[in-house]
Amino acid sequence: MDMSRATFEKGPAVSQDKTIKMASKDVTVHYGQKQALNGISLDIKERQVTALIGPSGCGKSTYLRCLNRMNDTIDTAKVDGKILLDGENIYDPDLDVVELRARVGMVFQKPNPFPKSIWENVAYGPKIHGLAKNKDQLEEIVHTSLKRAGLYKEVKDRLDEPGTGLSGGQQQRLCIARAIAVSPEVILMDEPCSALDPIATATVEELIDELKQNFTIVIVTHSMQQAARVSQVTAMFHLGDLAEVGATEKMFSNPDDKRTQDYITGRFG
Amino acid sequence: QSSEAVQVAGSSTVLPYAQIIAENYGETFPDYPTPVVESGGSSAGLKQFCQGVGPETIDIANSSRQIRDLEVQACNDAGVNEISEIKFGYDGIVFASAASGESFALTPEMVYKAMGAQVPQDGEMGENSFSSWSDVDPSLPDQEISAFIPASNHGTREVFEEKLMLQGCEDSGAMQVMMDGGMDEDAVEDACMQVRNDGAIGEISGDYTETLARIDANPQAVGVFGLAFYEQNQDKLQVATVNDVTPTAEAIATGEYPVSRPLFFYVKRAHLGVVPGLQEYVQFFLSEQMTGEGSPTVEYGLVPLSADERQTQMDQFESGETVTVSG
Amino acid sequence: MSTSIIILIVLLVGAVGGYAAYQRGRQLRIERGMRPHSRPIYHASYVLSWAWVPSLLLLGTWLIASPILNEIQIRNAFPEDAVAEAGLTDDLAYGIVESIGVGLRSLPEDERDQIDEDTPIEDALPLFRQYGVAIASASQDWMLPLAIESNIWSTVSRWAMTIVVVLFAAGGAFYGYRNIRTRLRARNKVEKVVNVTLIVASSIAIMTTVGIVFSMLFESADFFSRVSAWEFFFGTTWEPRFSAAGSGGETGQFGLIPLLAGTLYIGAVAMAVAVPIGLFAAIYMAEYADNRTRSVAKPLLEVLAGIPTIVYGFFALVTVGPFFRDLSAQISGLLTGNYSAFIQAQSVLTAGCVMGIMLIPFVSSLSDDIITSVPRSLRDGSLGLGATRSETVKRVILPAALPGIVSALLLTASRAIGETMIVVLAAGVAANLTINPFEAMTTITVKIVQQLTGDLEFTSPQTLVAFALGITLFVITLCLNVYALYIVRKYKEQYE
Amino acid sequence: MTDATANDISDRSEATRGRRDIGIKRRYAAERRFKAYGMIAIGLGIAFLFILLWSVVSKGYTAFWQTEIRVPITFSEEVIGTAEEGAANQSKLMMANYPQLARDGLIQLLEIDPENSEAVSAANGLVSQGVRMELRDMVLNDLQVIGTTEDVWLYASSDLDSALKGSYDLSVEESRRPISDLQLEFIERLEEMGALEQNFNWGLFTFGASSRAETAGVGVAIIGSAYMMLIVLALALPIGVAASIYLEEFAPKNRFTDLIEVNINNLAAVPSIVFGILGLAVFINWFGLPRSAALVGGLVLTLMTLPTIIIATRAALRAVPPSIRWAALGLGASKTQTVFQHVLPLAAPGILTGTIIGLAQALGETAPLLLIGMVAFVADYPETPLDAATALPVQIYMWANEAERAFQERTSGAIMILLGFLALMNLTAIFLRRRFERRW
Amino acid sequence: MDMSRATFEKGPAVSQDKTIKMASKDVTVHYGQKQALNGISLDIKERQVTALIGPSGCGKSTYLRCLNRMNDTIDTAKVDGKILLDGENIYDPDLDVVELRARVGMVFQKPNPFPKSIWENVAYGPKIHGLAKNKDQLEEIVHTSLKRAGLYKEVKDRLDEPGTGLSGGQQQRLCIARAIAVSPEVILMDEPCSALDPIATATVEELIDELKQNFTIVIVTHSMQQAARVSQVTAMFHLGDLAEVGATEKMFSNPDDKRTQDYITGRFG
């Protein structure tokens, strides 16, 4: 079957009337001397899925980390430019990064569960944000999150075992569960399905589809099919530049940019 | 409340005696708390003593030497004007060697020749090359020269230098040789007190326990001890005579045995009547019962003052005589 | 009211305020339907901070300032000639007034009422004694009214303090509570308080340094005014003389070099013993030993750090020193036929070895912790390539753990420099300048202690030199540390 | 495909020949050596420990036994006055000549001629000078004993005690030992009568300082040390951890924080006596805190211990992988939350180690206490940390310098008590470490 | 286009005459109480690519780690059964693991570069095994390995920068380079392309194709397409069991096992 066409039919049309949730203007990032992003301007619309694609090392993770200021934690990283969340500059010194990160959640590329029990891993976020009124509610949140991440069945008997004793894919799903347990407004996912088998991938993709009803999602993926299946907008990065951005449909069928074309066809050709 | 206890600090030589007195004082005067006696050296004690007047400062400084003019000056500068000096006995300084070994009969001259850095040989001063006691004097045992003397931070060292080295320097004629060599008096004295530096002499900065341990480890060695310490360890040590006098309390008290030093304590008169029990402590210290013949301190090894002398000290204290900068 | 009760009240007020804030915080969420910035617990902590911090700071200030003010006031009221007449100093007179005050307070109510300003002191003294307060016999009639006045002042001051402090607490709590609303960044504020606390904690180190420098500065300056700095820093002979004993006022020689050399030499030998043993022990515990062995061996080794140094000292003196001496005699006997010891009983070697034993746990325990916390993925990465365990340790784990291990080593070296007792008993106190590790040397620290606690006149350079040595050592180690920091920065490897 | 048999494989084991040389022998030798070094290192460390312990215990275990003599004491009214007088005038009771009671009892027990002053003083030398207190306390507790006769176990003098324990060389001539032949004879008689017993020396734990070995104990020192350790633990641990957290996690990396860092490392190298100088200058002379007080000692030791704890804690914090911090931060945890909820627990074992080592050091330290007046003879129990007190290492140090033989065993005995303290701390640490340690 | 068919045509037929490089018999693994593998018997033929597939958490990584005894390093793991390498039991106490691991190399699921420079990361293996006679040869090995892993171009200017400062995909390729630098006889790859973009994936797949000329390769992958493209034999794991093993071609076109069928069709259906 023809993958590209098949999936485009499935994805809904990009609705131009959605409001802009996050906007970045001329974002550049340096790691020490090395420039990793060269002025990225990109709008991320509300309640839809934006996919970031591009060859390895082109700056996707870097850009993603800018969106919730995780780059702050890397000593050598220097971010310039402006990123707005609901019109507020998130690099404004007055802004509370913690609140920002509670609103803009993140799933990291390398799964990094806490060396605590599985239950605690998921419950941690809700606990610190006071999302549960009582123990039962917390239990509820933990279970639902694990279920939505498609991990529940596998771990329901060992919720008190360490999260670090899970398989690679399980850890990845645990991190997804942990992130959605906080119900952030924007969810940044850095290759959430890289270690997942097709079935688990499907679960996560369903989750994303479901989440986008209420939340805004930015996802980095290497799988064109996945980008095609889940996203409405796709941004193509290349060597620190934003090569092209547009409706996923158009990007995959008729890219403007030569690099996008090469990249996509490089895959399919 | 022990914050109002009499506070004593100073010499570690005096400490055992002060300790005995403090303990008995506590038992005898149940109204007053037992005095607190700090150790830490005469100089540290005097320094604390001269810190000033008032509740946070100490009342009495024990010292194994007399207070010096500059110190009195420093005291006065800090407002400590009236100081009573009380001499309460002597500390005999003896040579002793392992009980199992040979015995020694020393003279200052022998000591000087064995330990001096430079000794006269054929009318010339030269590096000390004696390696065996019998080389120094045929009457001494034929064993390697090895001695432990107090380090230069100890008052005992000063006594050792003055009473033995300097004396021996003179007796041996070394002083004359050096004078003849055109050195001035100070330089000669300095040279006389210089001990050899080739490993034969060990300096001890700690207490006599250390000296004893070193003699245990090296039974050939001779060490300098306090009389009291020697008396407590007679089963391990044998004492050397100096000028054929065996050190005993009597011999020291009469001055027959040359190497000893007086022990003192200093009282801050401004605290008399202010610190409860201070006056009583001083009186108790000087009582027959505590520092007279047969008293526990003497049993421990203190060379006591004669009854008259003790009375004089008492009178001087009662009459309010104070230390002043001499000259 | 006693201070502890005031503190208790403040704590209570804070707790109540905190509880109210907590409830308010929960309320907010229900009322507004939207999530407040901070969780109720932070609202509570916020109010708590407002209630506690200002009031307790005030309490502390008051407790310090009030007696000082009182003292000034009382001292000003001293009849000047009376003090001199009684042969007292101001300090002593004040001390007596204070203890009369204490005496008055310890009397039962009815007996205290009988004493007024005009009561002769003689009448009061037996009363005081009866209640266990011994008062100096030098006390004077005029002291009693002052003591009464002082007591009144402190009572009044205490009441005022109680009221003001409690008001502060309540006011703070109220202010904090009023500030609570959805957008209040309570968490950030509370964290700021935490942050300031952390800063205060780390500034203690700075204050300690300042304190150390200042507590030694004047004496050091005094020393350098009498002995030339050149002679001190570059002199190669250490031979201070008794200032009194016939030395014609000569003070002797204060050459730092032999002491410095001894310090570094003995420290180096100690490190040479402690570092390999400690590091290998740490590696073995972290990488090879099973958990049981480790949980036994580690605390056992740590005991080595807690054995009083005097025990080590006597161990060196009685056992190790003679052992080396006799050993060397045997060796030289076998080699040359002359059974004379070439290792002295007191030597750099003995001191270094024994001190090294003491330092083992400083290296082993700290390094073990650090090695253990290197993530397993690094180990796996290396083992997966076919490296042996030892290769993994040497090439991957130690480099990754290096910054921590260097810290541990620095700490160990620091301890080696600061140790006294072992050196005194094992290497002696003679300040030789030699490169032969079999001879005696001594260290700066030993001399500091020795000069400070001896029989020497305390105003003489012989004693003062202790302070100069202290500051000098301080500066030297400072330079070494700066250098170490530079080195560590250069070789830092951060994992993950 | 799974039906391939093992035979199949072994036939081709030839293929294993001509394998690449990766120096396996040499590397394994290195590996074995390396591992052996580790074992040797631990073995050495533990061997040293046991040698040291042995040297202490073999000398000190006798300190836990103390000889007592059973003497029939007649609380004669002639000597101490009647009960009525005593009730009326305590001070008379206090000052009475109790040693005489003991002497009379001994004379009676050993059937000595009271006129034979040599024998009497020899007998008198057998009991402790502490009888004054012992008997006085009996009388003060119960005035009814006055006028009665009772068998009382009195402390034997330290000379007798040491002689029985074999610390004196009894073969030397009589004048060179503190215990005479006559006394030895008395001892034999007492033993035959069953009036001599060695009992557990509780006094070693409860008595304060004393110039008489048999009534000297580490009671005051234990209290002093306990106060100081509590103060050090209560101050140094939180301050040290707080400072480390600030420096490692929050502080901007700039010159100033470098300064603090170097500063702290440098403080670790400051000789402990210098902290004493500081304590004297700041706490006593400036703040006016009392001399010889456990509070000042605790503060000084706190300052001394801080660098150790800070250095260990910082190293432990640094060793926590950054991915843990990212995970928490990414969930919207604040920096403070991240540090306190994730990083700190993971660093706990290291912090614990630093604390243990720091405390152990503080527990064994004498030099800084010298200048603040804690190396002192303190007979009375301190009630608050502001009262005069000593510490265990101080007591050890002071006893080590005593001339009397009986103090030597007590020195080792006190060291054993100190090590007991240390063992207690270490046990706590083992327990806590078990809880915190985690490998990932 | 029809993915499954397209790739099957591409993969060479499974040659039954290849010798067996590694064989496992009844391998079971327990993590503490939990059993993770229930008696796996599987032969791995020389000079071909065996793919392990199966849902996340089914025991693929566990099995892979058995093959070079990396499970030894997990305290709680207990391995039973027999695994033969060239006829020798690798769990034989006499066998030395170091040599085994030098012969059976591994690329881990989570990239784990050493906190050293990129160059050192790659040179590490050759250095410890003494594979290079001199500096030049080592340099040569490092460069070739990086090139073959498709990383060289991106990092050639920063070989002395830390490997931990690379992007996720770069780290993964670095780990591949590090593993092949030792030229092991068998290479175990745990999802080597999970963080890679299609182009990089293609490079790695080419590498695998090339390696299989001389070496034996076992690869865990979640991508059916990838399994189809690179492997000759596929083993399907399920809940600790070996559900089915067979020629890749057959597995994807006509699986015997119901679970395999479900799994494969679950993806494509």
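All chains are identified by letter, namely A, B, C, D and E, in their written order; residue positions are counted from 1 within each chain.
The definition used in the following text is that a contact is a pair of C-beta atoms (placed from the backbone, for glycine too) under 8 Å apart; a residue touches a chain by one contact, two chains touch by 3 or more.
What you see is a predicted model; the values in this text were computed from it and never measured.
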Given chain A and chain D, the chains that contact each of them: C, E
Innermost chain, taking as reference the mean of every protein Cα atom displayed: C
Taking each chain's C-alpha mean as its centre, the one farthest from chain E: B
Between C-E and A-C, the pair joined by more C-beta contacts: C-E
Rounded Å distance between chain C and chain D, as computed from the means of their C-alpha atoms: 19
Between chain B and chain A, distance of the C-alpha-averaged centres to the nearest whole Å: 83
Approximate Å spacing (C-alpha centroids) for the pair chain D, chain E: 59
Chain centre separation in whole Å, for chain E relative to chain A (CA means): 28
Junction residues of chain B, two or more chains touched: 40, 44, 206
Shared-contact residues (touching 2 or more other chains) in chain A: 98-99, 110, 128-129
Overlap residues in chain C, where contacts from two or more other chains coincide: 187-188, 314, 318, 376, 386, 388, 391, 452-453, 494-496
Touching pairs - complete list by chain label: A-C, A-D, A-E, B-C, B-D, C-D, C-E, D-E
Interface residues, chain C side, partner chain A - complex: 29, 35, 37, 39-41, 185, 187-188
Chain C contact footprint on chain E (complex, rising order): 68, 70, 73, 98-103, 105-106, 108, 110, 112-116, 124-125, 128-129, 162, 164, 175, 178-179, 182, 184
Residue ranges of chain C in contact with chain B within the complex: 87-89, 91-92, 94-96, 98-99, 134-138, 239-242, 244-248, 250, 314, 317-318, 321-322, 344-346, 424-425, 428-430, 432, 439-440, 446, 450-460, 462-463
Touch list for chain E against partner chain A, complex: 1-3, 31, 34, 53-57, 61-62, 76, 109-111, 154, 158, 165-170, 173, 190-191, 194-202, 222-224, 263, 266-267
Parts of chain B lying in touch with chain D, wherever the complex brings them together: 1-3, 5, 7, 9, 12, 15-16, 18-20, 22-23, 26-28, 30, 33-34, 36-40, 44, 48, 51, 56, 58, 99, 206-209, 228-229, 231-236, 296, 300-301
